[in-house]
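Two complexes follow with chain A in common, the first pairing it with chain B and the second with chain C.
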Partner chain A sequence: MSKPSLYFSNSQVTAVRLIWMTVAAILALMTVFPLLWMVSIAFKGAQESFSPALLPSAPTWSNFVYVLTEVPFIRYMLNSLFVSVTVTVVALFFHSMAGYALARLRFPGRELIFLAIFSTLLVSLPVVIVPLFIIVRAMGMLNTYGGIIIPSIFNAFGIFLLRQYYLSLPREIEEAAVMDGAGYWRIYWSVILPLSKPILSALAILFFLANWNAFLWPLTVASDQKFWVVQVGIANFKSEYSAAWNYMLAASTIVAIPTLVLFLVFQRQIMDSIKTSGLK
Partner chain B sequence: MARVEIENITKRYGHLEVVHGVSACIEDGEFVILVGPSGCGKSTLLRMIAGLEHISDGTISIDGEVVNDVAPKDRNIAMVFQNYALYPHMTVAQNMAFSLKLSGLGKDETRDKVGNAARILGLEKLLDRYPGQLSGGQRQRVAMGRAIVRDPEVFLFDEPLSNLDAKLRVQMRAEIKSLHQRLKTTTIYVTHDQVEAMTMADRIVVMRDGLIEQVGSPLDLYDEPANLFVAGFIGSPTMNFIEGAMEADIFRGTGGIECHSNLPAAFHGALVAGIRPDKIKLGKSGGPFEVLVVEPTGAETQVVVQSGDLQLVALVQGRVTYRPGESVGVTLDETAVHFFDARTEQRIEHLDRNLGSVSRQ
Partner chain C sequence: MSTSVRPKTKFRHSRLSARNREWIAGYLFVLPDALGLLVFLGLPMLLSLVLGLYDVDGFGAYRFVGMANYTKMMRDPLFWQSAKVTALYALMLVPLLYVCGLSLALLVQKTNRFNGVIRSMFFAPHMVSLIVVALVWQFLVVDKIGVLSRLTPALGLGGISFLGDPDYALFTVVAVSVWFLMGYYMLIFLGGLQDIPAMYYEAATMDGAGPIAKFWYITLPLLKPTSFFVIMISMVAAVAGSQAFDIIWVMTGGGPANSTSVLIVYIYQQAFSFGAFGYAAAMASILVISLMAMTGLMFLLTRGGRFSYE
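Presenting the complex of A and B:
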């Protein structure tokens, strides 16, 4: 940074840098402010929750205590954790196999299958939620973990990304494994899977966050409170006639903590994953 | 060790035929190099021997057994790839041990074999490193180690040196050759670099457009190229070609080149004369040729001269005082001139032996 620019004068560089920083600061504020507001309300009493002051006049932990004791919120969190981890692990395993097959194996209809998978990227969940619900109900999986987890496992994005990644791997490595006497499964397990670590960890983070934050499908498929995930639990603080905003935002704050920790720990991988996927 | 027989091998991709019925035989313990310009089918042929490409037609047998439908791992061969193809997530030792592990060899035996191969290749200190921590030459050696541990009957090399820098390439060339002399394993080696072919091979197979142009020892190919292609491909700097025709017993070529020869009248059609750069003598100044470029390399000097459309490269021992733009005379060593039929591009071969003045021998 301290190196003088080769192509532009110093004053130009300073001016441009100032503009960029101002724009970045405004954008950052716009993103962070609602979160600060959330934390602020989480510490306010019920009466104060609509006051415009950012700092609560009488900060209180009572909202958190209420959320964690009066509602089975710990249970919701465990449900969320179980669902997110299971979906992530199973999805990555199947996606990498599907991606590898679509990238390397030759079988009739391969391109057609890939196109079919890819085209589902164009359809969002709300569009298919009714037929999906009917299918899951017909399979008797309403109000089960299976009902929440299994439909979330299929994800064209992961398969697509892994396929592209496998296409970019040098074929010679697989041929060397063939010469060494490895079959398809062995190549996949001992060579391809270890080589996909970077992209798998990127996808794992994306999948975990997506499922941790999932709301619509878990709400649809599990009406039994035993199977509620955190996002459904939070939404439940809002009843038909009133909304307990202070509880809701205290719960949201709790739910945000694991993702925050995840972000701090895996900061670099998350940045990489967003870079490689070009999404979010 | 084993003999490899290639009989009438054809390779088609859909309707596109890239190897057209090629036959060759690699003797037990021989070091054979397949050489040719890119796209000539040499790598495809090697990959068919390896079992990485399906054979469209013909048979390949190793040690007397037809292997067309035998899986690569059961052909008792090992291959070294152009980009080394090491497993990046395994250490050097694991890379070399992978095939042994798959074949179900015991731990102690595996360690012995890997240790042995590492000793042969000087890799003992690198066994715990990952490929990413190695230099190009070391990676190449690991790739060779991975082939050696399997103790195969045939080694296949697919342009193994093309990613190395010039100096390392010369060094690895010597290493591969001495490795072959020590292990005496039948070796088939693909390269587009004729210098590699000349320096390493027992026999060279020159390929072009999916066909074999000539098979022979390096010096046979150099001294008696079968046609214009081989003559131009083998040898560096390349052979000079002069178009022309016989008039009585004098060959008159472009650029005012003349050369005595007693080719019989039957061959007096359009001809191409070929002469190696070191068989051209540059005369004193004042000839019909103009010096274009002088390239000294120390021990010898390459001089490019031109007259009309004809450009010749002369290789002169020692140093020269020619300057670009200077005019010089050119004389050919008449005993070293090859004649090729301009239409068929084949060398007019049998004549060499009958006619003393044209013959090189």
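Presenting the complex of A and C:
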């Protein structure tokens, strides 16, 4: 706190800082209020759902027990976990390979390929979902894990960021390996990949979160309940139990907790990677 | 990293020239991603243009109909309604995200422990899935008994229905979208603010400039690249972002009276509820073309995706 303020002179600082901090704290509490409320209701009995008290009068686990036993929620969670982890691992592998080649190797058409990849950067799933569904159906991948996973792997964002990162690495790093007579695969595997650990771990968190939270594609490609991920499960839960808010918010809490825990543990990395990337 | 010196003879184990080996390696490294993007993103983009010319039923029978889907679109009041809702959503979302994102960033700009916690709290909603976000907010605004619905009489709004009234539903959806996205935009602005050299502010202080003058003459002009980026991506998010789809799909399903039916929701309903794949593709093709145009513009204006201030 010893750093001088950028906006205010020293005499203004003390008074302003107090007001400033109060405003920030109030706004921040208002921001997280809906999430606190969600957790609170999850522990309240059905008759208490709409009572204005933040703390449950008789906290209970029964909502969680109901959701986990009466609905195949564990199955949905395992599906989500499997899909998210697979997409993340494969995507990071492919994107780092592509990013390395686009940044470091010289081959004809490289700029054109990069331009083509860049051109898909802003095209989002809702826009192409109809033809994508038709393609995946033609490949016979409806209601399969492959159908959920494979199309989710490819996005220009990861390639773009990794390419930027590899452009910033000094060339001397590979030179020792080149002198050593190592092939490009060995350079990639034993020099480039270990150097990419910081950016790969940041991207791994972002990719995992994005896939854990993904709804639209799993909803569209898998109508068979066996393949439902947790977001589809919970949205469907809503249409079945539309007035049972205590169950719905218990289910929401279960779905939100893995991501919120991940956030609490990795908040610095997550926020720094977004801040510096300037891209999602 | 191994630093042992190998015999030089091992270097020439291939008949290919070093240049050709680099070419082949380059193509092989790019291949998996290039192929995947081509099949699952490039092809759909192209296909949406082609499919728009066909009548496609739910079972996959295609019939060429030329521009029929496009003329149908011009005469479809629900298409125009959705276009209007999309425009309204974007007109509210883009400025709100800019103002909220920048205000929050300025509020917590100084790096210290307290601000670290506050930043995390502002960003926390972005970590929760959109489905959960939609469910929780739907609960908060349940007519008459939801926590926020109870507050409205006290504010003199007389028990409005946040999601049931076509006059308010879109505002509610916008508010929830802002709540979900603002922490993300705050971080982008923080990244931009971080790049402004502190010496400018120090010099301004010496010249006796007040906080408003500093914001107006230093912060805002030097934030131009960030502002440009933010406006660009928030526009894309407003028109085609999954937050718009997920929140609206769960909270209102496009209703009441189509008041929250944005184009991506209407397209999805046409395709997957009514099996009108051709018509849906025709509408999507308009979005694909506008997004491509925006990407091209962005690429040109940023000289190939360089957003930093150089």
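Here is the rule we use: the second predicted complex is superposed on the first by the 240 of 280 C-alpha atoms of A that agree within 3 Å, B and C clash if a C-alpha of one lies under 4 Å from a C-alpha of the other, contacts with A are read in each partner's own complex, and residues count from 1 in each chain.
The definition used in the following text is that a contact is a pair of C-beta atoms (placed from the backbone, for glycine too) under 8 Å apart; a residue touches a chain by one contact, two chains touch by 3 or more.
Since this is a predicted model, take the numbers as computed values, not measurements.
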| item | value |
| --- | --- |
| Contacts of A:E175 with chain B and chain C, given as first, second, both or neither | first |
| Touched partner set for A:L216, first chain B, second chain C, both or neither | second |
| Which superposed partner A:A204 touches (first chain B, second chain C, both, neither) | neither |
| Between chain B and chain C, more extensive residue contact with chain A | C |
| Which of chain B and chain C A:V191 touches, first, second, both or neither | both |
| Footprint overlap on chain A, where chain B in one structure and chain C in the other make contact | 176-177, 179-181, 190-191 |
| Touch list for chain A against partner chain C, complex | 1, 3-9, 20-21, 23-25, 27-29, 31-32, 34-35, 37-38, 41, 50, 52, 94-95, 97-98, 100-102, 105-108, 110, 113, 115-135, 137, 150-151, 153-156, 159-160, 176-177, 179-181, 183-185, 188, 190-191, 209, 212-216, 220, 231, 234-235, 238, 245, 248-249, 252, 255-256, 259-260, 262-263, 267, 270-271, 274-276, 278-280 |
| Touching residues on chain C, where the partner in the complex is chain A | 1-6, 8, 10-11, 21-23, 25-27, 29-30, 32-34, 36-37, 39-45, 47-48, 51, 56, 60, 104, 107-110, 112, 114-115, 117-125, 127-132, 135-137, 139-140, 142, 145-147, 150, 179, 183-184, 187-188, 190-192, 194, 198, 201-202, 205, 211, 214-215, 226, 229, 233, 236, 240-242, 244-246, 249-250, 264, 267-268, 271-272, 277, 280-281, 284, 287-288, 291-292, 294-296, 298-299, 304-305, 307-308 |
| Complex contacts: residues of chain B adjacent to chain A | 50-52, 72-73, 77-79, 81-83, 85-89, 98-99, 102-103, 146, 150 |
| Chain A residues touching chain B - in the complex, by the definition given at the top | 170, 172-173, 175-182, 186, 190-191, 194-195, 197 |
